[in-house]
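Both complexes below contain chain A, partnered by chain B and then by chain C.
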Partner chain A sequence: MQLRSWTPSRRETMGLGLTALLAAALAPCLVMATEEAVAAELKKLYGDKPMADGKIKLDLPEIAENGLVVPLNVDVESPMTDGDYVKAVHVFADGNPLPQVVTYKFTPQSGKAAASVRMRLAQTQNVIAVAEMSNGTLYTAKAQVKVTIGGCGG
Partner chain B sequence: MAIKSKPRVKVPSEAKAGEIVEIKTLISHEMETGQRKDSTGKTIPRAIINKFTASFNGKTFFEADWFTSVSANPYQAFFYKASESGEFTFTWKDDDGSEQTASAKLTVA
Partner chain C sequence: MISRRDFVIAAMAAGMLASGARGAFAQAARSGKMTQDDILRFDPVGTLTILHTTDLHAQLEPIYFREPSVNIGVGDARGLPPHLVDEAFLAYYKIAAGGPEAYSLTSLDFDALAGTYGRMGGADRIATLVKAIRAARGDGNVLLLDGGDGLQGSWSSLQTKGEDMVRVFGALGLDAMVGHWEFTYGAERVQEIVEKAPFAFLAQNIRSAEWQEPVFEARKMFERGGAKVAVIGQAFPRTPISNPRWMIPDWEFGLREEDLQKQVDDARAAGADVVVLLSHNGFDVDRKLAGRVKGIDVILTGHTHDALPAPVMVGSTLLIATGSHGKFISRLDLDVKDGKVAGFRYGLLPVFSDAIAPDPEMTALVREIRAPFAADLGRVVGRTGSLLYRRGNFNGTFDDMICQAMLTERDAEIALSPGFRWGGTLRPGDPITFEAIANATAITYPACYRNMMTGQQLKDVLEDVADNIFNADPYFQGGGDMVRVGGVGYAIAIDQPMGKRISDLTYLKTGQPLDPSKTYAVAGWASVNQGVEGPAIWELVERYVAATGTVDIAPMASVKVSGA
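This part shows the complex of A and B:
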């Protein structure tokens, strides 16, 4: 395992930091999404289908110092067999200019309905995940992240 | 903005049948949101990678649609249940229509 190749050098880190500062300085966000925007996106996807709490583990920092890079890990409980697996997972952030963050499509070959990504958060807000099971059942989970320096000038 | 450098992928080269392996990928990209303005007040147009696909021996097993909220230099980790030897193909699709791919071999003992 070459873990070392993943560690940015000092120069790269400095560069990223500078880029981040510049981005923050240049990026006043005009319009923010709201809970309604997230609800509207969900309505487009699934209509008025009911959603149950549970099954989803949202792994997020409680406090994100840098809103430009917030680690997000979603893990949905499922046997991931041909007859019972997680089809899709949608992640939304209700305080970003655009609510969508990422949409995953899993298959039984995924083995695990889990994935990690890094996202931008413009301000302190809720991150919402919705999972669609192979039988059509929907589950949802929500977590709040406090953002110290927003990913968008806030 | 076109894709600049080669994507990096970390996958184990060997696995037992039925083993769930973790795959980590990283690609260099600005992921310009389309929300920012330049110094003259003009909006910088959106330019992101909007889709990531992972397949094994030609069969897609994981897809991710990325939106503007995904950080610059996107990192994506996910899993695959090994069953046979073969090759992974990873594809990143840019807003400008360009594509970047990477591959990795997996031997199942």
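This part shows the complex of A and C:
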């Protein structure tokens, strides 16, 4: 398993809350990933192979409670037999400095293709999962996670 | 269950399902003022009654509370209740202007009608209504539920960390509550309350961060009126974002729809005839959720302070909105047959304090609770020459007063004040007591900071907060109303995406555009960060009001709204 993240900066004690503001303030000095960057990573892995929607259940909060540790559960619907199993699941974030979040490799002995991780998200962005099946077909799923400074209590 | 086509039946049609309109408001239309009997008049249905209070914000005594004149609905909620105000509200619900209904449900002619109909709420008036309904229906047939934000919002609740309201709820015979502002007393205090309170504290959507285990009881089964009623609790899902996460560092919230569906299914499997969601999601979130989670009969909504005289229906789920600050209690009679809801009748009972005889036991309890703080509560600090109110999507005049206090007392160029929905209304000529100030400011993180911010940073803050209110998808909304500003004006295009809503930021002192790269001195309060330094906001406001003598504030004209 490979985890990538960017170096944390201290949360500033200013304004209303401000994880996002911090990200916004830092944005000029960091080049954030884009959809194109994610596409480029995928091209490196799988060329121009088509990807279908479905099979992947991506469980993410709509709004991150803490952008530093956003919980992700990914679960791919598939038998895990020698002839038919999930080989790998890649997770990307299109608004982080580096788009790769994590890659999981599975074998039939894994029993099921499910995993959980906590990742850092620098700003509101899409999280994209791609599953590679043993026969080479690819599936993808995408969800937006909002990283916010908050909404004034209510 | 009937099919859930996500349609919203007009309120009057919902009333007809219950076979006939209810008494209180109709009576009052004929006779002018309401009497206690008018308020309690109700043609019962079935054998089960659910009573609902919510967002009391620890208001023990009757107060004035002006409903919003700006409450913008976005996306699918555009133009629908609860996003109708004033004339549009009256037209939708076929309510006459100038009567007690219009007074309690809109902001129209507020000061004059307040003179006629008086203050609303009060724990002892609520107690009278609850006792009368229990007596009429039979004790074992009534379920009393509170939707949260009950233990916070007053000086006595802040000083006692919610103990005042725990006692009041205990005396009312509350069966269960949920939470939001309650969590700002910190994890330890919340757990202490849960352990000793004589009522259930329910929350299906809170997990321990480390092990993802439930922190609170998710649901409770009550047997009332011969029916098994499962009540599932839903805490405010955005608490760690809208309020300080550091006060509840080991808890994670969220909507947790799938877990909720499982709770509903488990409740049915355990024999529930009726499934109630006691929710602090906010109305639009609950409306969306009602179309996605199957099998909920009733959602008792909260958080957004909406008072609706009739239920909103999504499929066969009833959404009830009981208002705030004790202005109303909801009565819902359910006719349960063969393990399901066969019919209902609903009434939003207005708590007109002049019409309702206070319950002597509750009056005595409230007096005892308030006695230690009498000197602070009664201290007259100044006077208002204009109507001071808060509720609404943008600055209210009470917020403007707070912003003025920060600009003056912290020598700042710009002031930011949180978009809380709670706090009473003061009428022109009213004294400004310390209690009135505390009613709008009593929180556990009151420090007023002073920081330097660039014009660009300020815009980013406004954009971010605006998206928490006006995101077209309610699941991406959170928190309260728009952050209040002092010293600057701006234009907001509601229908634009995040980052493109805010424009024309103007520094009001010079009338010049705010410079994105220039640094301004900004004062604000209620920061969700730990270790914020500065004096408590109520001290600043008290100093400002005392120095001003009579406060006169016209409604703010420097926020320009479009795209609504």
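Note that the second predicted complex is superposed on the first by the 119 of 154 C-alpha atoms of A that agree within 3 Å, B and C clash if a C-alpha of one lies under 4 Å from a C-alpha of the other, contacts with A are read in each partner's own complex, and residues count from 1 in each chain.
Keep in mind that, in the parts below, contacts are C-beta pairs under 8 Å (C-beta built on N, C-alpha and C of every residue); 3 or more make two chains touch, one makes a residue touch a chain.
The structure displayed is predicted, hence computed values, not measured ones.
Of the two partner chains, chain B is the only one touched by A:Ala93; chain C is not. Once the two complexes are overlaid on the shared chain, A:Pro61 sits against chain C while remaining clear of chain B. Partner contacting the larger number of chain A residues, of chain B and chain C: B. In the superposition on chain A, A:Lys146 makes contact with chain C only, not with chain B. After overlaying the two complexes on the shared chain, residue contacts for A:Val117 are found with chain B alone; chain C is out of touch.
On chain A, the surface patch touched by chain B in one complex and by chain C in the other comprises residues 16, 151-152. Only residues 1-2, 5-6, 16, 19, 23, 26-30, 68-70, 80, 93, 96-98, 100-112, 114-121, 151-152 of chain A touch chain B when the two sit together in their complex. Considering their complex, residues 180-181, 236, 238, 240-243, 245, 252-255, 282, 303-304, 416, 418-421, 443, 449, 451, 453, 457, 460-461, 464-465, 467-469, 475-483, 498, 522, 524, 526-532 of chain C touch chain A.
Contact residues on chain A toward chain C in their complex (touch as defined above): 11-18, 20-21, 24-25, 61-63, 65-66, 71, 124, 146, 148-154.
Across the interface of their complex, chain A is touched by residues 8, 10, 12, 20-21, 24, 26, 33, 35-39, 56, 59-81, 83 of chain B.
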